[in-house]
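Note that the chains are named A, B, C and D in the order they appear, and that numbering of residues resets to 1 at the start of each chain.
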Amino acid sequence: MGQAIQSALNPTGIQAARISDLYWLMFWTSTVVYVAVLIALTVAIWRGRRSDAGEPSRATAAKWVTAATAISIVTLIGLLFASVATGRAMGSLSTENALGIEVVGYQWWWSVKYKNPTPSLEVTTANELHVPVGRPIAISLKAFDVIHSFWVPNLHGKVDLIPGRENLITLQVDRAGVYRGQCAEYCGLQHAHMAFNIIAEESDAFERWLTAQRTPAPPPSSPELTSGLAVVERGPCQMCHTIRGTTAGGRFGPDLTHVATRSTLASGTVPNTPDALTSWIKDPQHIKPGTKMPSTGLSEQELQALVAYLQTLK
Amino acid sequence: MSAETDQLAATWQDPPGLLGWFSAVDHKTIGIRFIVTAFGFFILGGLEAATMRLQLARPDNGLIGPDLYNQIFTMHGTTMMFLFAVPLVLAFGVYFVPLMVGARAMALPRLLAFGYWIYLFGGIFLYVMFALNIGPDQGWFSYVPLAGPEYGIGKRADVWAQLITFTEVSGLIVAICLVTTIFKLRAPGMSLNRIPLFVWSELVTSFMVIFAMPSVMIASTTLILDRLVGTHFYNPADGGDPILWQHLFWFFGHPEVYIIFLPAQGIMSMLLSTFSHRPVFGHQALMLSLTATAFIGFGVWVHHMFATGLPQLGISFFTAASIMIVIPTGVQIFCWIATLWGARIRYDTPMLYALAFFVIFIIGGLTGVMLASVPLDLQVHDTFFVVAHLHYVLIGGSVFPLLGGFHYWFPKMTGRMLSERLGKIAFALLFIGFNLTFFPQHVLGLHGMPRRVYTYPENMGWGTLNLLASTGAVTMFIALCIYLANVIISRRSGAIAGENPWDAPTLEWTTSSPPPAYNFSPLPTVTGTDPVWEHTDEVPIVVGVASECREVLVTHVMDAEPDHKKEWPEPSIWPLWTALVITGLFIGSIFTPWAVVVGAIPATFAMVGWFWPKRGQSPEALIRRLEAGDHPPLEQVL
Amino acid sequence: MSRPAIDVSELPPLAFGHRGIVWWATMGVIAIEGAMFVLVMVTYLYLKGRSPHWPPGFFPPDLRWGTLNTIVLLASTVPNQFAKSAAEKFDLRGARFWLVVALAFALAFNIIRIFEFRTLNVWWDSNAYGSVTWTLLGLHTTHILTDFIDSCVLAGVLYFGPVKASLMVDLSENSLYWYFVVLAWLPIYALIYWAPRLA
Amino acid sequence: MKTKTLIVAAALIWMGACNRESRRYKELSPADARPETVKLSTLQPGKADPPVNKTSPYQANAYGLSEGKRLFSAYNCNGCHAMGGGGIGPALMDDKWIYGGEPDQIYSTILQGRPNGMPSFAGRVPNNQVWQLVSYVQSMSGNTPEDAAPSRDDDLAAKKPENRERPRRPKQTGHR
C-alpha cells in the first residue's frame, strides 16, 4: 500500500497505536462472528437437501435463537468496554509541558502557529508542522471559513475545525519521520488538495528548526533578488502574503517568511521545486482549480526575480 | 357473482382518457407510478455513481473537474436517499399493503395521489436545476457554513433545501396513508399480531417517517431562511451554531437509514417464508425487533458527529446505543436462519437476493459496530471505509431485498413472470460487481483515503484498489442493464403468472394477477398469519359491502372487528392542480419569500376545489332529514 | 360452494373519533406538526443554552398582545367545543353556527398576531435569538392561518354547498385540530414571552 | 411558433442560470490577469487609462460577486470604507458617488486611486479581481441582480445583506 505515509494501520504515535489495537480486536471478533453466522446458514440450507430432515421443534429453535442472541449481547458489551477503555486511555495523554500549536483551517490550506508567551517568539508557517519526537503535542484547531477536519492517520484520528469553536487534539509521535495528513471534512472545490505534512524529528533538531523559523527573512543580496523583493512588496504578493522582515503583511494567504524550507506548495499539491514554484505562481488555477491564489500576470523577468527571491527564504 | 364483480369493476375503475389518467387514485396505479419513477431516479443516480468511479479510476484523473464532481456526488447521494430509496420502500407499501391486509382500497386516496405528484415534480425540479448548472454541490448532508449564505454560492444549496421540502411532504403524506390503512382497513380477523411482517415493517417505517422527517424539514427551512432573508440560525458570530445543523440533520439522517432498511427486512421475511415454504420462525419476535430497531434508531444520531469534539461523557451513551441497535437485527437474522433450518428451499431468483442479504449485509452490520466506537470512528469517519460500510448496509441490506422483492411481486403487478435465466445472470453479476466495487474501499479508507475527493495523488498508492472498484462499478452497471432488459422483455412476453406462482402465504396472492381495481371479491377474512396456507374454505368471507358505490369496510384498530362502512372518495384532478400550485410556490420561494404569500392564494383555490363536495343535497334539505332523525343511531357512531 | 360469511350490511356509514378514518389522518398531521413545534422549541432552548445572556442585547417581547392573544385562543375553545358536540349530535344548524363563532375568534387572533410581531422588540435578522423567536411565532401563525382558511371552506360548504351527513365527521375532526393548535401555543407562548424574562 | 418561443425562453433561462452559477475561477489565468490598459510596468502606480470594458463581466455572476466580497475584506477595503458604511473613506452603500458609480468609473477609481487617500491598486490586484471588486461594490448599493448578490455573511450583523439592498441609482456628485 504505497509507503503507508497516510495509513491508520501503520501507527507511529501512541494514540494511533491504541486505535489500531482496537481495530484489530474488532476486526478479528467480527471475522469470527461473520464466519459463524455463515456456517450456521450453510448448515441450515444443507440439511434441507436431506430428505429426512424435518422442521426443528419450535422449542429447540427458540433455544438456539436465544443462545445466539445472548452470545451476541455478551460480545457487543465486551466490544463496548474495549472501545470505552481505549477512549479513556487516549484521554489520559498528559498535556503538561506539551508543545502548544494552533492550526487554523482555510479554504484550502492550513495556517500553523507555534504559541509562545512572548509574542515576538511566536512562529507562523503553513501546511507543515514540525514536532519533536516523544513529547506530547496539544494542537488547538480553529476554522477561518468552513468546517475542515485535521487528520494524520499514522498519529491519531481526526478532529473537526469548526467556525466559532475551538477544538483540541493531543498526540505524540514515537518515531521520527514525515507523516502526511489531509482535510477529512468536505470543504468545497479543493477539498481534495488540502494536505499537510507532520515532520517529526529529535527535539534538538526541532529546536534548531524553531529558532530558525523565528528569524525574519534575509535581505536580498543581489540586484535580481532586490527586484524580486520589489515584486513582493509593491506587486500583488503582499496583498495576501506575509514575509516577516519586509513590508509584505497580507493575512489571507500562507506566511512565506521561510517558504523555501517547506517540502510542498499549495498545501501538498506539488513538491516545492523552483520549476513547480514558477508554474504555480504563473497559473495557479491550472494546478489547483478554484484555489484563492490568482494568477497575477507578472512578466517573465518579474517572475524569475520573484522565484529567485523566494528561493532565498530559507 | 360475476355480475357483482362487473359492478365492482365499474365502480372502482379509474376514469378513462388522459384526464382520467391524471385523476387516478387507485393505490395500485399510484404504487406502480411511484415504483417506476423511483427506479428511474435509481438509474440516474447510478449513472452519477459510474461517472464518479470513472473519475477516480486512476490518480490525478482529469475527466471531470472539482466543480462538476462535487455536484455529481451531491446529486448521487440526494437522489439515492430522497428520490430512490425512501420513495421505493414506501411505494411497495402503497401497492401491497392494502392487498396484504385484504382491503378494497387505500385510505386517503386523493392525498396519496397528491403525494405522488409532489414527489415527481420535486425530482424533475432537481434534475432540471442540475441541467441548468444549479445542481447542489455541498453534499447530500449540506453542512453549514459550506451550504450557508456566505460559502454556498448562488442558488445551488437552495435547490437542495427545497428538494428536501418536496420529498419530505410526499414521504409524510404516504406515511399517513399507510398508517391509516394498516390500522383501519385490515380484513376481519387480522388482529395486530397476525399482520404480515412486511406490513408491520411498513407500519413501523411510517411512524419513523412521521417523527424523523420533520427534523430535516425544520433544518432545510431554517437554512433557506438563513440564505434568503438573513436569519442567523447557523451564524456563529451572531449566536447561531453550525453544530445545530448537524444535530437537526442527523436526528433525521440516522432514522432515515432505518426507514430505508426496515421495509427491506419485511420483504426478507416474506421471501424466506415463501421459498422455504414455512411460516417465519418467531413472527412476534421479529415484530418486536423491527419496533425496537425503530426506537433505538432515534437515539444514535450523534455517532455521525464524533469528530466534532462533543463532550466525552455524552457521546459514550450514543456509542452504547449504536452498538446495542445491532441486537434486534441479530435476533431477526437468527430467526431467519431458524426458518431455513432443514427447509426444502426453492432457489428462484428472489431467494438468491434474500440469501445474498446475509452474505453482504452482515459485513455492513459489523463495520457498523466499528463505526459506533468513538476512537475507531475518529480514524475511519469521512473516509472510504464509511463509503464501503454504508453501501454494504444500504445496498446489501436494502437494495438487494428490494430487487428480490420486485422479482417476487412482478408477477402480481403485471401478471407475467420475470425470466429466471436473465434474472440469475443479472443477480450473479450484481453480486460480484458489488463486492468488487465496495470491498476494496474498506482498505482504501483504512489507508487514509478521505471521502468526497475528486482526485488523489499518484504517490498515495491508492490507484490499484480504486481501479478495482471502478471495474466493479462497471460490472454492476451491466448487471442492472440486464435486470432492466429482463423487466422490459418479460413485461411483454413473460410466462403467464396466475394467481399465486410462488405458492406464497399472504393475501395479495389470493386475488388475480394483476389485481382488479377492487382488489378482492369477496372480501377475505383471516384466521392466522399465513392465510393461503391455512384451509381457506372454512374461513368466512365478508358480504354486505355495496358494489354500486365506493364503499369500504372499516375495522377496529386492535382486533380488526368490522366497525363501519365508509364511502370512499372518487377520482379527482384536484390533487394534480394542487401539486402544480404548491410546486410553483416551493420553487418561487427559492428566489423570494413573497412567493409563499402569492402562492398561498391559488393554493387556497385548489384546496377549495379539492374539498368542495361534488354530490349531496342542499344544507336545508339535509338539516330537515337529520332533525327528522334520519341518521344512524348515536350509540352506533359514537 | 357454501362458505360461511360475515354480513356487514347493517353497519353504520360513519363513525366519530378514533373509529373513523379522518380522525387518524388528523392525528397523523398533528403528530407531524407537533414534532415540528417541539423541534423548533428545542432549537430555541439550544441557542438559549449557548448564549451567555438571554435575550442577547434586546428587550424581551412586550407581554400585552401575546397575553391577550393567549386569552382569545383559550376562549375560542368554547365555541369550538360547542361546534364539535353539535356535529356529533348531527345538529348541522348548531354546528355551523358555532363554527362561524369560532372563526370570529380565529380572525381576531390573527389580527392581534400582527401586533404581536410588531412588539417582539427584535428583528429576525438581528441575531439568532431574533431568528428563532420570529420562526417560532411564524410557524404557529402559519398553522393558525391554514386551519382558519380550512374552517372557512368547511363553513362555506355547510352553508352553500351540497352536503352529506359525513361532513359532521370532518367538522368534528376539524375542531380536534383546532384544539391542537391551541395547546401547541401555550408552551410557545411561555418560551417567547417568559423565557427571556425568567432567564 | 409557440414551441419556438418556448425554446428561446428555455435557452435564455439556461444562459442566465449558467452565467449566475458558473464558478469562473479558470478566468484568473495569466492572459487575463493584467489590467486592460496599456502600461509600462505593473509596478508603476496610478495613471491608468479607463478600461476597455464598460461593465463588469461579474455583474450577474454569484461566484465573482462572492469573491469580490471576500477580497473587499482581504484587501482591507473595510479599513476605510467599513462594510461600505464609510469612515475614513466615503460610504459605498448610498447613491452618492464622488467619481461616479458606473462600473468603468469604479474600475478606474480602484486602479488609479483618487485624491484624499484612495490608493492606486494598479499592478497589485489582477484585472479579474478588480472587476470582481467592482461588481461587489455595486452590489452594496443594490445594483446587481438580487439572485446573484451575496447574502448575509457569517459575521456580526453590521449591515443588510447585499441581496436585500434596494437598488439606488448612482448619482455622480463630485463631493462627499
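One rule holds for everything that comes next: contacts are C-beta pairs under 8 Å (C-beta built on N, C-alpha and C of every residue); 3 or more make two chains touch, one makes a residue touch a chain.
What you are looking at is a predicted structure, and each value in this text was computed from that prediction instead of being measured.
Colleague: Taking each chain's centre as the average of its Cα atoms, which is closest to the average over all protein Cα atoms shown?
Modeller: Per-chain C-alpha centroids compared to the overall one single out B.
Colleague: Out of A-D and A-B, which chain pair has the most contact pairs?
Modeller: A-B
Colleague: Could you work out how far the Cα centre of chain A sits from that of chain D, in whole Å?
Modeller: The computed centroid separation for chain A versus chain D comes out at 37 Å.
Colleague: With chain centres defined as C-alpha means, what is the inter-centre distance between chain A and chain B in Å?
Modeller: 38
Colleague: Could you tell me the distance, in whole angstrom, between the mean C-alpha positions of chain A and chain C?
Modeller: 52
Colleague: Using the average of all C-alpha atoms in each chain as its centre, how far is it in Å between chain B and chain D?
Modeller: That gives a centre separation of 47 Å.
Colleague: Residue numbers in chain C touching 2 or more other chains?
Modeller: Touching at least two other chains: 125-127.
Colleague: By the touch rule stated above, which residues of chain D touch at least two different other chains?
Modeller: Only 23, 152, 154, 157, 160-161 qualify.
Colleague: Can you list the chain A residues in contact with two or more other chains?
Modeller: 163, 189, 289-290
Colleague: Could you list each pair of chains that touch one another?
Modeller: A-B, A-D, B-C, B-D, C-D
Colleague: Please name which positions on chain B make contact with chain A in the complex.
Modeller: By the definition above, chain B touches chain A via 65-67, 70, 138-139, 143, 145-146, 150-151, 236-237, 241-243, 276, 278, 281-282, 285, 307-309, 312, 316, 319-320, 323-324, 326-327, 330-331, 333-335, 337-338, 340-345, 355, 358-359, 362-363, 366-367, 369-370, 372-383, 443, 446-448, 450-456, 459-462.
Colleague: Given the complex with chain B, which residues does chain C contribute to the contact?
Modeller: Touch list, chain C to chain B: 1, 3-21, 24-25, 28-29, 31-33, 35-36, 39-40, 43, 46-47, 50-51, 56, 88-93, 96, 124-132, 134-135, 149-150, 153-154, 156-167.
Colleague: Over in the complex, which chain C residues touch chain D? Could you list them?
Modeller: Residue positions touching the partner: 125-127.
Colleague: Where on chain A does chain B make contact in their complex?
Modeller: Residue positions touching the partner: 1-9, 16, 18-19, 22-23, 26, 30, 33-34, 37-38, 40-41, 44-45, 47-48, 50, 53-56, 58, 61-62, 64-65, 68-69, 72-73, 76, 79-80, 82-84, 86-87, 90-91, 107, 145-147, 149, 151, 153, 156-160, 162-165, 167-168, 180, 182-192, 289-290.
Colleague: Using the touch definition up top, name the residues of chain B that touch chain C in the complex.
Modeller: Those in contact with chain C are residues 107-108, 111, 172, 175-176, 179-180, 183-184, 188, 210-211, 213-215, 217-218, 222, 225-226, 229-233, 235, 238-241, 244, 247-248, 251, 522, 525, 537-545, 553-554, 556-557, 562-567, 604, 607-608, 611-619, 622-623, 626, 631-632, 634, 636-638.
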